[in-house]
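So, here come the structures, one by one.
Common to both upcoming complexes is chain A, partnered first by chain B, then by chain C.
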Partner chain A sequence: MQGVGFVIARPIVQGLASGAAVGLVAVGLVLVYKSSRVFNFAAGEFVTLGAFGTYLADFWLPFGLAVIVGIATGAIAGLLTERLVVRPLSSRPKVTILVATVAIAFAIIPIEIIRSSKTQAFPARPIVHGNAFQIFRVFVSWQQLIIVLALVVVGAGLAYFFNRTDLGLATLASSQEPTATRLMGIRLNRISMLVWGMAGALGGLAGVLLPPLNLNFFAGFGTTDVLIAAFTAAVLGGMTSVPGAFVGGVLLGIVQAGALANVNSNKFPGAPSVAVLAVLVIVLVVRPTGLLGKEA
Partner chain B sequence: MATALEPEAASPEVHVVPTKARAGFRPTPAGWAARSLAVALPGLIVVWYVHHYAPVRADFLAGGVIIAIGALSLNVLVGYTGQISLGHQAFIGIGAFTSAYFIGESGQSFYVGMIAAIVVGAVQAVVLGLIALRVRGLYFALVTLAWGFVGEQSIFQLKSFTGGGAGAHATRPGGFTTDRMFLVFCAIVLTLILLVDWRLVATKAGRALQAIRENPQVAANYGINVKGYTLFSFAVAGVYAGLAGALFASRRDTVSATDLSFYLVALPYLLVTVVGGLRRRGGIVVFAMLFVLGGEYLPDLAKSLHIKFIQENAGNIIQSLSGVLAVLTLIFQPDGVGTITAPIGRWLKGERFSMHVSAGGGAEGVSVRP
Partner chain C sequence: MAYLEVRGLRVGYGAIPVLQGIDFDVEEGKTTVLLGLNGAGKTTTVATIAGLLKPSAGTITFDGQRIEGRDPAQLVERGVALVPEGRRTFPSLTIAQNLRLGSWTKRQRRQELQATEARVYEYFPVLEERRDQLAGTMSGGEQQMLAIGRAMMSLPRLMLIDEASLGLSPRLAKTVFSIVDKINDDGVTVIIVEQNVGVLRHADNALVMEKGAIVYQGSGEELRKGDELRKTYLGAAS
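Moving on to the complex of A and B:
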């Protein structure tokens, strides 16, 4: 017998780690939504590009630099998306921008598939190999620990940025009162670039951290595996709340890991995706403001 | 300029009063002859080409027709109802697997499978429509995205229903078993759907949907049954998708979950709808065919030019380019590339040739009688 502790602790440990990575993407979605009221469906590809950036840079550079390259790849993708697609469409309906971000993902994925025509899946390298410690007979790997630490560090950094710096205040102001903010001499375009760059960097970071949990990654995994979970996490947290997105990501990760562990996948395949749909519909119908959101 | 996705988009088209030039103009017999020739000549070339190079080409053309039907289903949701769907692999796939289940497992005829696909497709669409009554706009897009992945990762993997990874078998309808005859069958279905769609937007239901798309509250005040018509439009989209699914399953004899992924179905169909032009049936059908033919002929072209890279990756290159094309369309030609061909369409209908986009009063879009 593995014991009750094992049965409960294993999904929590696994869900905490993968959910923390999803939470990073969800924060990127929330930042973009707060600043420009746009649902960014290209966010999944920021994740994949981050993973690819690290994988390719690892051939040439020391691994530490490759990680930075991965994060930078995501950030550059975010900046290009803002500059080339979102800004020309900024006066259009939000649904148009949504479709445009979907189209971006659709333009990027085939390029990744071409790159991966010989090997379907790419091996992903953890930052630190091996297990850190054991709790209720569940091994906790260094990678899982690092992901949760990354979430804490990013959360603290964002809290400092929004509460203590002028630029953070300007970002918050531009999301609440764009016109007044502009009259105060703050350039909204730059704030928008900053937010998209941050969202891209968060996606890239998730792309560096998440694949080693599954040992490998494949073309388009950000869109097919991460994107809907990140959106659901953001909605669960309230869509406009950065802490809410963190909490939503972790909660959703645990729900998904629990569904995966406790449902027989032969009789009932795809339980995690059903869990995501259930959480999404329940939150949207019962409590559209989410856990920590102030508006619908 | 109004965007196709924008609710207000249709309003300039509604208030079009026939101008003097338009009302008084009648083409001369020579003009009619030129117009007939303009229709007949490309048609003959297509028929000759298919006749000569079938059956491989016919199979691909059938694939294009199926994409067109799926995109028309999306057009009902995105174009007429104003609800975006990112989970059309579930819409198409449920139809495909239902049809395959009745044909392959129960040994029924194709037509039984097709009717079952229509019914089940409509039912799942109406269930989503019930959610759409509560959740609108961007958030509903998320629900459809999640629904698509439930289909892909859960429903399509059920061994008893879809045969798991091995896929399910479905035969073609009797008398239409060759590739060429199956293309004819697909074309018949497409023609029927185009007729139904045309009558749908030209009648009371179309006007009701347009009013709901622009403003549900105002529509309700005018006595339009908002809930009823929203669910009705979802049912229509489900019927189209069910038909597309039944044809999808029969085209290749087997259908498996990997054929019906987000990437291979939901994304291309949405982009075909957007690039072809929302509420422009002709544009959608034409772009669906171009999308398929591009993937089919690019390898030949690359081979003759000795570009090995393009030859090997033609399908992916076409997909990537259509993503870029979709972004460019949204930025520079918001009503879809159909607006470029709209003057030709109006000319063929017997009007004077004019490049004005709005002059025709929605030659293919939502046409409302004054």
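Moving on to the complex of A and C:
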């Protein structure tokens, strides 16, 4: 018989890690939404491309560099999306841009599938193998620990960027008063590139960190397995709050892991996805502004 | 050649023409007030000078160089600052952060910025008291002061102020105008858009706009004293 500690601790440990990775993607969604008022449905494929970038680079480069390639792949995908799709459509209705980001995902996924097959699983290597420590008889792997650390580091980095640097202030300003921001001499196009590049890099980072938890990944997994959870996390956090997206991601991860651990998956498959949707519906009904629903 | 020369300026929104080819001059170091009723085209004029709108025809020459159609980033760098209609401060940033962003194009000029920041706080002590307060939580008058202070931080040579007194009590409007005088005394050329004729006491020169055209260009004093002129251009109410 497992102890109560184990029953509670296991979903928390697993959920913290996968939720932290979802939180990274959610933060990317929030940054883009604040800056462009666009729901970015291409975000899931920034994740998949990050995973592929690392997977492919690992054949040629030391793994540490392959990780950087994965993050950079996501960043480049974000930059290209801004430059080739979002900016040319910037004077169009937001829904047009939203649909265009869906189109990007639907264009990238078949390319990934051509390179593999719909069901091929690509092995994903953890950054460090093995377990780091045990808590309430739950093993915590190095990879899980690294993901949580990555979230903390990214969170601290973003807090510093937005509160302490001129560029961070300019980014916040551009989402609050675009015209006044231009009058300060700040070029909105550059801020937009920066934001999409950051969102892409965060997606790429999630794509590097998340797959090793399941030991592998599939073409299009960022869209099928991560995107909805990330949107829910972003909405949970209020859609415009960076800290809210982090918190939302972690909470959602724990809910998913709880559903996975406590529901018999033979009788009721897909419980984690149902749990995500349940959270989304509850947030939209009970507190549509999210947990921290204000511009922050 | 005047410091700012506007010639044949035509500006519209989409297919709707607003400015019908206007001409005027602004002298260096002076305060020029731009008067006119609602919809006359005052905001359109200053927004075009600041680079927010692109003219379809005409030229704007600032300090000997053509500037029409350039983007605001280049213009701020050259010393053209606009305090926009409606203040447009950054509501979720603190006062200090708002001022910091004002200096964006002049970030390297640390010493001048320090001196200017001290001057902003001297002119508007309330901004110093509340430097860590979010701009969005300040009163309309305080936000107007912040918007002017933020423009000062770009180390401008030409400051355009659109409707400084809108929504301010007459007393506060006077305070703001007297600070505009100080900014002008510091060597900044000022164009101030107003509907409040009281501003004429603070102006060297005056322009009056009507339906997208300049209908009066002359001294502020003359317009203030000449009842006939005032009635003709600004209506009986003034």
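We adopt the following convention: the second predicted complex is superposed on the first by the 292 of 296 C-alpha atoms of A that agree within 3 Å, B and C clash if a C-alpha of one lies under 4 Å from a C-alpha of the other, contacts with A are read in each partner's own complex, and residues count from 1 in each chain.
FYI, contacts are C-beta pairs under 8 Å (C-beta built on N, C-alpha and C of every residue); 3 or more make two chains touch, one makes a residue touch a chain.
All figures in this text were calculated on a predicted structure; none of them were measured in a lab.
J.: Look at the residues of chain A and decide whether chain B or chain C touches more of them.
T.: B
J.: Check whether A:G270 is in contact with chain B, with chain C, with both or with neither, and answer first, second, both or neither.
T.: first
J.: Which of the two partners, first being chain B and second being chain C, lies in contact with A:L280: first, second, both, or neither?
T.: First partner only, chain B.
J.: For A:L183, decide between first (touching chain B), second (touching chain C), both and neither.
T.: In the superposition, A:L183 contacts chain C only.
J.: Should A:L98 be classified as contacting the first partner (chain B), the second (chain C), both, or neither?
T.: The answer is first: A:L98 touches chain B but not chain C.
J.: If we overlay the two complexes on their shared chain A, which of chain B and chain C does A:A170 touch? Say first, second, both or neither.
T.: second
J.: Which partner does A:S90 contact after superposing on A: first (chain B), second (chain C), both, neither?
T.: It touches nothing on chain B or chain C.
J.: Please output the residues of chain A touching chain B within their complex, sorted ascending.
T.: Interface residues on chain A, with respect to chain B: 39, 41, 84-85, 88-89, 92-96, 98-100, 102-111, 113-114, 117, 220, 223-224, 227-228, 231-232, 235, 266, 268-274, 276-277, 280-281, 284-285, 288.
J.: Going by the contact rule set out above, which residues of chain B touch chain A in the complex?
T.: 3, 5-7, 84, 86, 131, 134-135, 137-139, 141-143, 145-147, 149-150, 152-155, 157-159, 261-263, 267-268, 270-271, 274, 312-313, 315-317, 319-324, 326-327, 330-331, 334
J.: Any idea which chain A residues touch chain C in the complex?
T.: 166, 169-170, 172-173, 176-177, 179-187, 295-296
J.: For the complex, which residues does chain C have touching chain A?
T.: 50, 52, 71-73, 75-77, 81-82, 84, 88-93, 97, 100-102, 104-105, 107, 150, 154
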